[in-house]
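For reference, chains read A, B and C in written order, and residue numbers begin at 1 within each chain.
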């Protein structure tokens, strides 16, 4: 009989230097000796669950079925916010109900549960649910318990997923939803959106008073230090700089906007 | 027969980018193929063994019995400082004898050994005991060797554990012993200290000329950006800022002091 | 029959916060359930394959035979640069052919292969070969496939390995090839180079208009904050500062030079 793999991924904004993540790893290993704990990151900016939400989508679906994804960026720890379990066809997602799973909810079917935290004993720290509630909940699932035993169906799920705005004359207002490690500015417009628009051959992005023309296949199709548009590795449009940091160069950040103009007849770049 | 779990945790100030930690992992895996190496952190501030000492306490005791905790923040590498093995009822702690185990020593019983470094061969680098002495010592213990074979009892253990100062009129001078990733300022006063004082209902912290009243249960009981006192997840008092960074806001750091005044009759906040 | 160990080490400049490394881990675990993924670092400075090249040498050879070392610092992703497999007597190295393996090539014998990326399907992202080509290539090797099946011999290997310059009168011009986490400035002159010169007892380094005399065995042989020369843990000469950060103190960086003067008759330090 093949042993079921026990994989838990960890994404947090805890940093590692205080041993908070270490405590969670201890709790997990103490309960499930053969668990594989996979560090995704502990460097999410403090409290930035939007950054976490985007990152989640970059890795979650590459893991083997059965994997439990813990995602803990939780400024509301100890308040009334719910502790969430999301069951999709292949995975469990566990974390606070603050929008951290916005993109997952948008991408796949799911069943949602609210953890009954009162069942997790009297010694729960009100400031460290990661160690005292979320990790133990993951353990119970990995041990084969049904979420029904310690959670109940949840109706209202927090999500901040946002489509791009349709302006006029083939213009669209796009929002920077993520700035990655290399300073690439990723916006809420995908390859599939582009196809829905009829795959317009001409695309022009306006940032303040500058323009970027065309969508390149690779960074290197632009000159060194030149700004460009390209599809990121998940099919989102990104504003990048070859061998540079677009966010720094343009002084832009998540939440900022750019205007995209598409055209169905090929125009010449001026 | 159940296989004994082989877990080694790693805490260092090495950073990861030079491959120094990688070298240690290689040494461990080369000797013990089924070892589980658990990264705690490699981001301790260079040489800051006080930060490391506090962090250790946050995770060490959550791990399965038999775990070996390596803790290497070692500005004195290559000097006369001893290489230490600490055996507690459940764990081994291995690292330099520079105070990095101060809180562990204060918390639990132990036997202490000095590693006989001369037994570790002629190729020991005087600047990298982590790779050439500490990791190999962990290997020998995991392989079942008694520490007696390559170490000898050690009497003098370095510790910087410090109690708070009792001033007068129910006032106490507390020291910031740790600043965590979120900027929480943790002081040397615990929930158990508070109970020893008779659980005084009124507590007031003075920082320079400002006051903070009461101990809150969660961050969210304070308004956003408000400073508060609360117990950290191990029962230490901390000065925090809801959704903010108290250390940055107050421009305070480890080693700074605050004055705590307690009162046994409930006073009104002015 | 002993199970073959499956170890893959990861060194990248991806950071961890976007989940790009997470995606690679998912791909690896999905294909090889019992793989051991060893994080070396994800904090290489963006695009700095020279830093990566030096770090590689610090850990690669400590791992068990059979280990696959993935090293991905790849500013040229999506361009014509080749995807490289290097087979040495004990290891596989996989990464871009941009010089990241310069020190490995200099250190050991090898056979080199160019990955035939066109065999990796039509869904390869032009900006994320780590997930879509390099990790899958590692999987194929770990599953026992010969590199011949998906790669072909490669002649031209990029390398930037550089010897020190021989000036005159026992003077040598050394280049800073690496600055480590502690600010140690490591130069292209080794213990073995020194022996080749006849182990001259007197050594003097000139940095701008300052001099440092002698090679110390340990940091602590210098006073606190004093600059010193010593051998690093792999036998390279380094310019360091006891309990300090030499790079910051001297405002020096990789690529800078120092002049080393040796003398075969012991002179007095002035």
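One rule holds in what follows: contacts are C-beta pairs under 8 Å (C-beta built on N, C-alpha and C of every residue); 3 or more make two chains touch, one makes a residue touch a chain.
Treat the numbers as computed from the prediction; the structure is a model and nothing was measured.
Here the C-alpha atoms of chain A line up with those of chain B after a rotation of 120°, rounded in steps of 5. Shared numbers divided by all numbers used gives the overlap of an interface; between chain B and chain C this overlap falls below half, so the copies present different residues. The centroid of the Cα atoms in chain B and the matching centroid in chain C are 32 Å apart. Residue numbers of chain A whose C-beta contacts span two or more other chains: 39. Chain C meets chain A in the complex at residues 14-23, 25-27, 29-30, 33, 37, 39, 46-47, 75-79, 125-128, 131-132. Remark: chain B residues 5, 7, 9, 11, 36, 38-45, 51, 54-64, 67, 178, 180-182, 217-220, 230-233, 243, 245 touch chain A in the complex.
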